[in-house]
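Per-chain numbering from 1; labels A, B, C, D, E and F assigned in written order.
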Amino acid sequence: MSDLLIIFRKPPVGTSWAREALDLALVGAAFGQQASLVFMGDGVYQLLDNQQPDQVEQKGTQAMMKALPMYDIDQIFVSEESLSERGLTKDQLGFDCELIGQTELQALLKTHKQVFNF
Amino acid sequence: MNYSIAIYGGPYSDQSAHSALHFARAVLKREHSIQRVFFYHDGVYNSSALVSPPQDEANVPAQWQELAKEHDIELVVCIAAAVRRGLLDEKEAKRYSKATHNLADGFTLSGLGQLIDAGMTCDRLITFGA
Amino acid sequence: MILHTVNKSPATSSTLKECLFSASSGDQILLIEDGVYAATQAFSELLRDDLSYFVLQNDMAARGLNSSLISEQWQPVDYQGFVELTEKADSVCSWF
Amino acid sequence: MSDLLIIFRKPPVGTSWAREALDLALVGAAFGQQASLVFMGDGVYQLLDNQQPDQVEQKGTQAMMKALPMYDIDQIFVSEESLSERGLTKDQLGFDCELIGQTELQALLKTHKQVFNF
Amino acid sequence: MILHTVNKSPATSSTLKECLFSASSGDQILLIEDGVYAATQAFSELLRDDLSYFVLQNDMAARGLNSSLISEQWQPVDYQGFVELTEKADSVCSWF
Amino acid sequence: MNYSIAIYGGPYSDQSAHSALHFARAVLKREHSIQRVFFYHDGVYNSSALVSPPQDEANVPAQWQELAKEHDIELVVCIAAAVRRGLLDEKEAKRYSKATHNLADGFTLSGLGQLIDAGMTCDRLITFGA
């Protein structure tokens, strides 16, 4: 089991929350902590393909997301319920990630002592 | 037409000051004028001279300064919202016995009446909330 | 006619709902920033028939919302289009 | 008809929005503008009786609300729907205000050129 | 057992909903700041039967929420009670 | 037990820094220790030496300074979040060629690793979000 669980609940562009949460994941990995990421709520929008944040002079999170494998972060989960509430399906996402339901989500929170929830 | 703009969000924390900047450029492109940009709530953080973004990110306060200079736009920061958040000009720094001040050039601390005035006197007041 | 701007995601904030409740027949809604997610099909049931709907295409593109995701009520505009909408409206009300 | 319409949609204590919106109303009045206030959404919580924000070292909005008559601000409206969604009734409120429905709310927005919406 | 804190109003933000979806049976919920409005009767239908519910009484009093407005599932605690809850929990998860 | 606290909200704009202060006092009253308070996102604004509230309002940064001094608590501010929002110590002011700096005494700019470290080494890490 990984050491850190980081929950992403904010959209990627309108605020700095998503970027700051990803920074934390990367720094955690640099500190030798195994990190798992969960995308739920509006956080699932971070996974959409073809984001062009430069259209509004923002940086977004896609470039950082692409760096995750370099940090050995490969446990990436997305809430099935959050996706379907937003009319999205897994094939619209630009990242390889594992769909999880409520039970698996609850288990992830329960089995990690360190949870950072953004 | 004569526009004014109100900004309630801080730089980097949210997009409002950037959106307002894009909007302002489009307003000017359509040959309207912009009288005043009023910074309120966390928008006051846009007036800091100390904002130091990484090289590959936009410096929002600097962009407002440039645009204001080029197009003669007033950049007015709500004084009550600013001083309690730690944005001071030289005069306020003296009043509160602070050793230094950090309001960027081109920004002016003034009362909330300047926002009311913008609403009364301009053709359009557009708000970018946080 | 009022132009209402909305900048919050409809799935996590009540801002759009409050705007739609307060708008008068014939008013216009413009989605900006994280508000643009409301133009996706999942939220089209929230909409009323007596309003006009616009979405800022720069903010759509920034978030990867291509036209296949957008429901047909929504008309994309750029920042110049945003300014034009403010020109034509009697007043502009910002919901955040 | 009043010159200014100020819409209060935020709760009174957790953030500075409510206080900053009230500041604007009072300054507007000091500038000779007739102001009407509408409380809707979580803004209706500003009207609850017996708030003690000093319990968390905050100032809240009640003291400022009591100053409204001195500024000749007496057009105070509250959304009936927002109250009932929150299980509240008019007699639980600490301020004298007029209940309005959706039609009246829409009319207030329509008839004011200057609307500040917090 | 996890202690979940929630600080947003349930009527305008989905934060409480997301917390309740993610909590495991036996977990505890503590409302603080603007989260305390969720302890009023209008929101009791959102609650699950298998969690324990606490509300920070300082934040309740600050907002004028007296006990007549609070539904009976919620147990008021002060800041020391808040600390005690964090002592007993295996971990603390903050929802905002 | 050994606690650490994370704060993500700015002073005056929201209640989180105040709530954390109340919580910290209760932690100490129950004879626990507090190792570190970490300021991230808009929480970095709590570290400004220039915050100047009206006399009848609490000065949150000053209250953190007092509590930290009395109980030997580290006040650590995320350096990346801080510099882009205009919070600089002397060293960063020099690096970014700014004429002045505004980080309050008792606060230290450091990396996000200090938040990870608090999570790893303390018995409890309690977050006050914005």
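Keep this in mind: a contact is a pair of C-beta atoms (placed from the backbone, for glycine too) under 8 Å apart; a residue touches a chain by one contact, two chains touch by 3 or more.
Fair warning: this is a prediction, and the values are worked out from it, not measured in the lab.
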Intersection of contact partners for chain C and chain E: A, D
Third chains touching both chain F and chain B: A, D
Most distant chain from chain E, judged by the mean position of its C-alpha atoms: B
A-B against B-D, pair bridged by the larger set of C-beta contacts: B-D
Cα-centroid distance, chain A relative to chain F, in whole angstrom: 26
Mean-CA-position distance for chain D and chain A (Å): 39
Separation of chain D from chain F, taking each centre as the mean of its C-alpha atoms, in whole Å: 33
For chain F, residues that touch 2 or more chains besides their own: 12-15, 19, 22, 41, 57, 125, 127, 129
Sequence positions of chain C contacting 2 or more other chains: 7, 11-12, 14, 33-34, 58-59, 94-96
Junction residues of chain D - those touching two or more other chains: 9, 13-16, 41, 56, 58, 114, 117
Listing of all chain pairs that touch each other, if any do: A-B, A-C, A-E, A-F, B-C, B-D, B-F, C-D, C-E, D-E, D-F, E-F
Chain E contact footprint on chain F (complex, rising order): 1, 3, 8, 14-16, 19, 22-23, 25-27, 29-30, 32, 124-130
Chain F residues touching chain B - in the complex, by the definition given at the top: 10-13, 41-42, 45, 48-54, 57, 83-88, 92-93, 96, 98-102
In the complex with chain D, residue positions of chain C that touch it: 2, 14, 18, 21-24, 90-91, 93-96
Contacting residues of chain B [partner chain D, same complex]: 40-41, 80-81, 111-113, 115-117, 119-120, 125, 127, 129
List of chain D residues in touch with chain B within their complex: 3-4, 16-17, 20, 23-24, 27-28, 30-31, 33, 114, 116-117
